[in-house]
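Before anything else, here is the set of structures, which you'll find just below.
What follows is a pair of complexes built around chain A, which joins chain B in one and chain C in the other.
Right after this comes the complex of A and B.
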């Protein structure tokens, strides 16, 4: 019983970080239709910026964290302006944009290795502060992650459902040509979507950097996790993306309990393959909707 | 000064001249029927006025303001709304949201206001919702406000498009074959709605149709095009003109 409770707390904490990441990936994918591998670069950018400020300027963690999230948001917008928009102007296809994104990801990874070595960068030195609930050991930090993820998910949902911007984003996702003819500037909407998705990835990146730590290869790994979360949650559905990320976190934690941590990447891929074969429309997508046109 | 003024518009695709020296002008409160056989360039003309295509020559002006070659979203903001030949809705948004989205102005459009002035944004949302409901009521589909647009019938989607146009602040409506694919029982209602848009809401309406009879009944002015303007005038004058038959000569689809 204690083991189960312990597993759930750890699983939800990891799943929460994945949920944020998948949510950000999903918002971008559903609207812009780009397989945004560089989402992983945005994710680690936030962690590295925060680490640099904490380590070298002695700024308190929350202030460095705000700079980190702002940096991730800016990085996401720069990627749209500097990579995807020029490609779109040249009418580049889905695969071209994907390859550009992948190349960009490798570039960032190489850059980080070159300037900061492959060491693990951890924000929190020493053990996390914990409290005991019966025999279950719970880290305060994990509770914070879970609460923040729930709040952010609610805020994003409300934003998309009940603001003019939210409607504009969903309109572009739903019918891009018609969106143009009701006065929506899709380039502006894309930029907004990158800002939104990247700030979510940035927050996830800081969570990850705090306890587990970051190294350059983590970017690509987590970009893959984010996309798998979106696929198993049901492409086109944001609650699905969050649920997909959460499922991956729980599954990886379970595998780490039962077997060992080395299996956590393979298990994510196996789950994805199982979904593609047996339920291609994902957890919350429906059969009719599998042609990817829904955002909420 | 006419509300909508099109002068000397020409457009070629490769070596094919789709439109040549097209001119027309239209005032608020009136309906201009644009007819011509298939391939006459009617849809090309609509696409040029609404900014989806750039003309090779000529100008498009609304209220004296030159909007030639502007992006579609800018054209919309200067006051020109359009429909497409098949009905176009935002499938995964509700009926009400489909209408509300055509109001991209106000403080809610500045994203930082959502954080900086949440209450003002909420008040504006409420007002926009009420306006949109009123426009749904005008086309008699308030009961579809909460349904996903993709679940509506073709005719209901058409009505939703009209509600969306009424909700926009546009004063020129471009209707590309609005009767196409509509159930015969609904045609009269749709006609009445289009006339009401011009006469009650004081919009300038361009009605592209290949059904001559419908156009003659509804329009204040008729322009016959076949790559260039062949004829224009009141429905009476045009229908008596012997050149009208010539416009459709050699084309088999004319439904006269």
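Right after this comes the complex of A and C.
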């Protein structure tokens, strides 16, 4: 019983980070229809910026964290302006955008290795402070992660449901031509979507950097995790994306408990393949989703 | 001079990889990032068979082909996917196979790799230096490249081009698109398996990290740089990419530990620039979707 509770706490902490990342990826994918591999670079940028400020200027963690999230948001908007928008203007296909994004991801990974080596960059000093609940050891930080993720998910849902910007984003996501005909500037909406998705990725990046630390290769790995979360949650569904990320976190933690940590990456992929074969519309998606019909 | 010949040997092996990947990316429109995985299966097949079971190298090289082909057939359900999902599926396969190589220790020795893969021997001549190994790798490369050229210019190749241009049209004139995709996937994996077998016997050491997703991307860059859908283009792409990679070594005052990451930056930067400026590659026949 204690081990189950312990596993749930750790799984929700990891799954919370994944949920944020998948949510950001899902917001972008559902609206812009771009497989945003550079999402991983945005994620890692936030952690590295925060680490640099904490390590070299002695700024308190929360201030450095705010700069980190702002940096991630800016990076995401820059990627839209500098990479995807010019490609859209040239009517380049999705493969071109994907390969440009993948190349950018490798470039940034190489850059980080070159300037800062492959060391793990960890924000926290010493072990996490914990409290005991019966036999279960709970880190305060994991509680913070879970609370923040719930709050952010609610905020994003409310934003998309009941603000002017949110309605515009959903309009472009469901029918770009119709949205254009009622005078919505899709370029502005896309920029907004990238800002939103990238800030979510940035927060996830800082959580990760504080909890287990960041190294350059994590960027591509977590971009893949984010996309798998969107797939198993159901394309087109944001609650699904968050749930998908959470499921991956729980599954990886379970496997790490039962077998060993090195199987955590394969298990995410096995889950994805199982979903693609048996339930391609994911946990909360619908069979009739337009995008999905194109892909299967 | 020996270093130059070493690069030529690598170039012949990479050419087999690039030409075979071009059949699936450039002719059939299957953009896969799992090619290094099948290359790795071939390399491990030769490594395990020659070291553990003392199988003759040439027989092991022949067995490396079906080994890679069988693994490709096993993961072929991903061919049901399209667009982004298919690419993601191939990335998944690639990461899985890398993990299997790392973790199936009783078979692959995991992170220790398999050292001491014997050099091939032809008529008593041991092919353990770059110039002698060229005696083997150049003919194999020529055979594979000619086979590939024959394949894409045959009726089979014309079917592939139809599938690439429009799968629905291909289906409507009675072509079994799924079956053709499966064939291409398996055939190109087998070619990659041959390249892997050569690589294992040339370096005499196989290690999982040589067959990862970064290397898959590397092969894809060679194909795209040379142009999709032109079989000679891939060979040019290999030459171009090796040139880029090696010229990084001549940057003055670059510390030795920076060479690897700067090489990654150089070739991913080239891919990025090509995608932004000329998505069909330098002499490519098709614009990517």
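Observations on the structure shown:
Definition applied: the second predicted complex is superposed on the first by the 289 of 296 C-alpha atoms of A that agree within 3 Å, B and C clash if a C-alpha of one lies under 4 Å from a C-alpha of the other, contacts with A are read in each partner's own complex, and residues count from 1 in each chain.
Definition applied: a contact is a pair of C-beta atoms (placed from the backbone, for glycine too) under 8 Å apart; a residue touches a chain by one contact, two chains touch by 3 or more.
Note that this is a predicted model, so its numbers are computed, not measured.
After overlaying the two complexes on the shared chain, residue contacts for A:231 are found with chain C alone; chain B is out of touch. Look at A:262: by the touch rule set out above, it reaches chain C but stays clear of chain B. Look at A:95: by the touch rule set out above, it reaches chain C but stays clear of chain B. With both complexes superposed, C is the one of chain B and chain C in contact with more chain A residues.
Shared-chain residue A:131: touches no atom of chain B or chain C.
Look at A:140: by the touch rule set out above, it reaches neither chain B nor chain C. When the shared chain is aligned, chain C comes close enough to touch A:277, but chain B does not.
By the document's definition of touching, of the two partners only chain B reaches A:167; chain C does not. Applying the stated touch rule to the two superposed structures, the overlap between the chain B and chain C interfaces on chain A comprises residues 294-296.
The residues of chain A lying in touch with chain C in their complex are 35, 83, 86-87, 92-96, 98-100, 102-107, 109-111, 113-114, 117, 220, 224, 227-228, 231, 262-263, 265-266, 269-270, 272-273, 276-277, 294-296.
Here chain A touches chain B in the complex through residues 159, 162-165, 167-168, 170-171, 173-175, 177-186, 192, 236, 293-296, going by the rule given at the top.
Chain B meets chain A in the complex at residues 50, 52, 71-73, 76-77, 81-82, 84, 88-93, 97, 100-104, 106, 108-109, 111, 114, 121, 125, 128, 164, 168.
Residues of chain C that touch chain A in their complex: 31, 77-78, 80-85, 87-89, 91-92, 95-96, 99-100, 102-103, 213-214, 217, 220-221, 224, 257-258, 260-265, 268-269, 271-272, 275-276, 279, 287-289.
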